[in-house]
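Okay, so chain A shows up in both of these, paired with chain B first and chain C after.
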Partner chain A sequence: MTALDTLLLISAITVGVALLAGNWRVGGWLVTILYALQGAALLMMSGLGYSTLTVVQSSFSIEVLSEQLLWRFDALSWFFALITIGAGLFSSWFASGEWGERYRDNGGSLRLFHGALALNVFTMLVLLASGDLLTLFIGWELVSWASFLIMALAGGKAFGYAMRYISYAFAGAMALLGGLLLIYAEVGSFDFQSLKEAAPQMQASTLWLLVVLLTSGFGVKMAILPFHLWQAKAYAQTPGPGAAFLGAISSRMGLFAFIVVVVQLIGISRLVEMEIPFTFLDAQDLLAWIAVFTIIIPTYIALRQHDARRLLAWHGVGQTGYMLLGIVIANDLGSAGGLMHVFNYASYQAMLFMVVVAVIHRTGTSDLNKLGGLFTRMPLSYLAMLIGIIGLAGLPPMNGFVSKWLIYRSLIVDGSPLLFLGAVIGTLGTILSVYKLIHNIFLGQLRVEHVAVREAPLSMVIPMMALAVIVFVTGYFPGLVLDWTSAVQASIGIPVLAHHLGGVSMKGGLDMIWIVSVLLIGFGFGTLVFFLGGRSRRVHQLDNYAGGHFLTAETRYHYSDNFYPGLMHLIGPWYRNSFEWLERGVISAVDTLSTAMQGLYRNAHPSYLLLAAVVFALSWVIV
Partner chain B sequence: MNELDKIPVRQEISVAQGSVKRSNPLANVFDELVRFCQSRSMFMLHYCTGCGAIELPPAMTSRFDMERLGIQPMVTPRQADILLITGYVSVKTLKRIILTYEQMPAPKYVIGICSCTVNGGMYWQSYATAKVLKEYLPVDIYIAGCMPRPEAVISGLRDLMGDIKSGSASNWKRYFQNYDHYLGNQQKLFDEDWQTPTDIIAEAEHYGLITDQTLGEHTALLQKHQQPLEALEFSLGEKREKIRGENQ
Partner chain C sequence: MHFLELLVELLLMPILAFVIGLAMVLMMRRIGARIQRRVGPPVLQPIYDIIKLYSKDTQISHGLMHEIGIIMAVGGYIAAETLLPVPGLDGLADKGGAVTLAYMLMIPALGMALGVGQCANPNGSIGISRALTAMLAYDIPFILVIFGASYVYGTTNLAEMISIQQQQGVSSWGIVQMPLLALTALLILPAIMGKHPFEIYVAPAEIATGPMVEMSGKFMGGLFVMQCFQLYTAGVIFTTLFLGGGVYWITFLPKIFLVVAIPMSVAYLFPRYRTEDVLRLMWKWPMLLGLIGLAVVMK
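And now, the complex of A and B:
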């Protein structure tokens, strides 16, 4: 039994235990321990992450139609599995304490919740372990259905959003299936190796069709433009820690499959050869531009949200663009940045969702217009959110800075100033909206109804703090993650990034140990002045300056509604919901078509059908 | 009681205004340095109450350029050193001015610009204006005129800078030392339940400026009406529950 068998077995057992014992008081903790065991099984294969091992096979395989179905782990699978299991572990930990009890008391089924979460992890591991295109498709479908399950748990509105997701996922899966059939027709095998060998000889037209089909299929899961509409609402409505899990890793499965098939097997160099007629663009540029618009548009949609969960979920869509952009650029810097961003983003997105869920747990709302001033009440949650938004905005000393730096640098090295500009515009939107997030929840005036609010329970605070430590430590020592991304780069055949513990070793490189140490010394000096300087005096929050106005508890001086009116005055007219309009157009077109077909078959002209059948039969007999 | 100088002030405190030489020569150098820095970095909150405010934009902008002297506008009282009152003060506005003044951290200086702040000026007969500003707040410098030109404003600010450098600009201490007097005038004008969120007596204790004039009948009246505001404490849960348990 190989390490991969152990991992998949423990993961399957986790699903069973979650379904069996999910409702028990200790059920959540049992499942959490099992996730930790999965992590241990993954560490048995840690050679994959450091290039000392190339592949770990599973001893389980089936033969279908003379095709051997294989499951195996390589560096890429290991890297994504690490994030998946980590996200599962922390989400389940978060859900096991008071949150779970509250969820059960409100009529939710913890058994289903833990079951769905464990099933998600299991199916993702199966997908990550896929060893050929057919197992990839099987894993793909499993993941889609598992995601649907956890999204639909909350019922009501959430079910509607989950249905929307599954319609998108179906369309994507059909595109993927089409792509796979095309590959089978061209190559005659579902094997990875034979596709890799056949790709350089493929005709440009076939390759175009193939890339469009595959990218659309994987793009639906990644929610890249123009398939981005389903994700934010569906994730935001997922119950509590489920949203943290989905936000952290679920849609990265699309990226994983994209890397495996398009980057590793077809190859970016092949994409560069595919020029778009009558333009100076090629397929790589096209993908890069899609990635940039995936950064910009959802990020600015996030800026307009006033529900904290939706704001974060829209960022999830936007940040996918950075990962895709880095990977499509495919030089050593860019791909390392894109891969590292997957890890970094998962760490702080899970943490931010957890903070928001903790706030909902304590105050009952995630409406940004109904919160404020919780800093004094939930200081640890505030700290977690602060660290998370610094990471999300890509500022030092957190890990998000390193991955964004790598992506920006790769764009400069690649000579793509316009892509760079687009990425920077996206970051600007991110900074603006995360400031809105922390300001409207934690800063400003504490509302009268929230005076008695307390810090979130330990079962919620500890996972948040653990993730905060990860975000900071991998920002201080990015080499820890860059080791893994280098192993991935080596295994998918991209130039490996030269790095050290502190960052990138190149001319004009990056050494986070220096940067963060200087920052810490600066902060230390400030702290010294604060504590050794004159005594400070606390004042009441209503003892505040509002142009000399006397503030009372009834006076709301916390300014949260209609945030950034000046900016919205400038860019407001750009929000036209064009994609919603497009989606409605497609829906009504399909609706009309199906009504017409139904009318033709069932109601209107059965006699015509009879006539057509008779004519066809006669012509067949005569000819 | 309008003449401030007639109010008896306990001697040792009124002398301890910074001009006293300390025995350690290094400490003197340090005090001198601090005062110099203070005089060269003045953040002013201009409470634009009347027409005199119109003279401030030219004083601040490129023609007269106050900032070459280290004088800059500031938007909140918490970071400001100077409260600039530019014109007539209606009773309603005076409440806001006092609130703002009390929110400023010491050392703080008040400048009254225009005749209206000196004696009511052309509003002397109005029923709605507070005529003499220094009855309610300790004013450091008056810049008279209707209105004073930017040169005059800057000249007044330079006088204040000189006072700060020499250590004689210490009127802010009077507010704490004679709080009962000022509060009495405020109560006479507003009402006996007049109060601001700032706890001046606690602040006087903080600076060590309590005298026998600080407390009196007016502060007793204030304490009768005051609804104290407790500062928000950090809470992680357990402490608050403990308190609640004790109450039960």
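And now, the complex of A and C:
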């Protein structure tokens, strides 16, 4: 039995245990321990992450239509599996304590919740292990249905959003199936290797069709433009820790498949050759621009949200753009940045969702206009959110900065000012939006009804803190993650980034150990300077001054709604919901078409049918 | 390089920055005074101000985050100064570069924003909302400038940019190579420094409606120190990118003071822009100039 067999077996057992024992008092902990065991099984293959092993086969395989179906892990699968299992572990941990009890008391089925979560992890591992295009498709479908399951758990509205997702996923799967059939027709096999060998000889028109079909198929899962509408609402409505899990890793499966098929097998160099007629652009530029718009538009949609979970979920869509951008640029810096961003983003997004869920747990709402001043009541949650937003905004000293730095730097090396500008516009929008998030929840005035709120229970705080440590440590020593991304780069055939523990070794490189140390020492000196001054007197929060009117406890006012009026004054009219409009157009077109087909097919219109048949027959006879 | 030597450099750089920053604050006030036909403050006034603020009897703190915010604001700048090469002192210039510096400079802003948020004064929050909007306004053209300079010099390392300009003479200076980008940078300088006519987000004249509303004593003092660093940083970045940096302080200092003096002299003549007008202005002229400038240097 290989290490991969062990991993998949433990993962399958986790699903079974979750379904069997999920409702027990210790059920959640049991499942969490099993995730830890999955992690241990993954560590048995850690050679993959350091280029000492190239591939781990599974001993399980099936033969279908003279095609051998294989499952195996390489560096890329290992890297994504690490994040998947980590996200599963922390989410399940978070769900096992008070959150789970509350969920059960409110009528939720913990058995279903843990089962759905474990099933998600299992199906993702199966997808990550796929060894040819057919197993990739099987894994793809399994993942889609597993995500649907966990999204639909909450029922009601959530079910509607989950249905929306599954409609998108179906369309994507059809595009993917079309792509795979096209490959089969061209190559005659579902084997990875044969596609890789055949790709350089493919005609440009075939390749265009293939790239469009595959990118749309994978893009639906990634929620890149114009398929971005389903994700935020569906994730936001998923039960707490489930949202943290989905937000952290689920849609990254699209990116994984994209890397495997488009980057590794077809090759970015092939995309560069595919020029778009009458423009200066080629297929790579097109994808890069899609990525940049996927950064900008969802980020600025997030800026307008006033529900914390939706705000985060929309940022999730936006951050996908950075990963895709880095990977499409495909030089050593960019691809390392894109891959590293998958890890970094998962670490802080899961944490941010957890903080928001903890706030909901304590206050009952995630409405940014109904919170405020919780810093004094939930300081540890605040700390976690602070670390998370610094990461999400991509500022030093957190890990988000390193991956974004790599992407920016790759765009400078590549000489693409407009893409760079787009990426930075996204980052600036993120800073505005995350400040609003932390300000409206934790800063400002405490509401009367939240005076008695306490810190979140330990079962929630510990996973948050653990993730916070990961976010900080991988920001301080980015080499830890860059080792893995380098192994991935080597295995998918992209130039490997020269790096060291502190960052990037190149001219104009980055050394985070120095940067972070100097920042911490700077803060130390800042503290010193601060305490050089006279003694300060701490006053009650509401003891403050407002232009001649003293704010009193009777007139509470937390500035939260429409937080950026100046900005919205200018860019407000640019929000036109064009994509919603487009979606409605497509829906009504499909609706009309299906009604027409139904009318033709099922209702009795014999004369029309006869007429059509006669016309067809006549034309066939004559022509 | 010797480790100890580097350590001394790292210590020296923020101190120099602070002292020069104090002188720049003095210059700024003198310019303002001359334009308004006043005498202006005496030479040591900025130092008196800081001592006064730090030693006040009434120091009102609104909670832990209020204090940490001020510490982040000052500490972030202290750290950022070590990334900014000046004559004789390269510091950590080879460990970060222009992009890192641009993002390091957001840490103090974030610290101040968090500190003000903790004060629970809606007027403070409104000020931060304006400040972040203004940051969005000026950072977009600023990033074009950074990109253009990195492209022209072929590196993001600020120390290398200086040595390239020093070796090849005035004709290789940024201002000759990319005049449009230099103009862009000059236009956004007052906004970066939070000065006229873009100072609505600081609102120094009507304390009660800006981020400073709850700042007293050493909290205000911290922001004063931050302002010194801010002026210095803006001057040095511009000089490094466009005016050849400096090998000797004697040639370097006039440059950075000149850079700060130009926008100051012009700025006091203008009335103030509203937040949305700052956005509109920044996204129109500097942006347009920056894009054309980029197109010119990249051909």
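To be clear about the criterion, the second predicted complex is superposed on the first by the 596 of 623 C-alpha atoms of A that agree within 3 Å, B and C clash if a C-alpha of one lies under 4 Å from a C-alpha of the other, contacts with A are read in each partner's own complex, and residues count from 1 in each chain.
Just so it is clear, contacts are C-beta pairs under 8 Å (C-beta built on N, C-alpha and C of every residue); 3 or more make two chains touch, one makes a residue touch a chain.
Remember, predicted model here, so these are calculated numbers, not experimental data.
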| item | value |
| --- | --- |
| Clash or fit, chain B versus chain C on superposed chain A | clash |
| Partner chain(s) touched by A:L567 [first = chain B, second = chain C, both, neither] | second |
| Partner chain in contact with A:L380 - chain B first, chain C second, else both or neither | first |
| Chain B versus chain C as contact partner of A:I521, first or second or both or neither | second |
| Chain B versus chain C as contact partner of A:P396, first or second or both or neither | second |
| Which of chain B and chain C A:E455 touches, first, second, both or neither | first |
| Partner chain(s) touched by A:F218 [first = chain B, second = chain C, both, neither] | neither |
| Which of chain B and chain C A:F192 touches, first, second, both or neither | neither |
| Partner, of chain C and chain B, that touches more residues belonging to chain A | C |
| Touching partner for A:K507 - first (chain B), second (chain C), both, neither | second |
| Which superposed partner A:L432 touches (first chain B, second chain C, both, neither) | second |
| Stretch of chain B, among 23-31, 59-67, 95-103 or 239-247, that runs into chain C once the two complexes are superposed | 59-67 |
| Residues on chain A lying within both footprints (that of chain B and that of chain C) | 376, 379, 446, 535, 537-539, 541-545, 547-548, 551 |
| List of chain A residues in touch with chain B within their complex | 376-377, 379-380, 446, 452, 454-455, 457, 535, 537-545, 547-551 |
| Chain C residues touching chain A - in the complex, by the definition given at the top | 10, 14, 53-65, 67, 70-80, 82-83, 92, 94-97, 99-100, 103-104, 106-107, 110, 113-114, 117-123, 125-126, 128-130, 132-133, 135-136, 139-140, 143-144, 147-148, 150-151, 155-157, 160, 208-209, 213-214, 217-219, 221-222, 225, 274-276, 278-280, 294, 298 |
| Footprint of chain C on chain A - complex, ascending | 373, 375-376, 379, 382, 386, 390, 394-396, 401, 405, 408-409, 412, 415, 417, 420-421, 424-425, 428-429, 431-432, 435, 438-439, 443-446, 507-511, 514-515, 518-519, 521-527, 529-530, 532-539, 541-548, 551, 557-559, 563-567, 569-570 |
| Touching residues on chain B, where the partner in the complex is chain A | 47, 76-78, 93, 95-97, 99-100, 103, 196-198, 203, 206, 229-237, 240-241 |
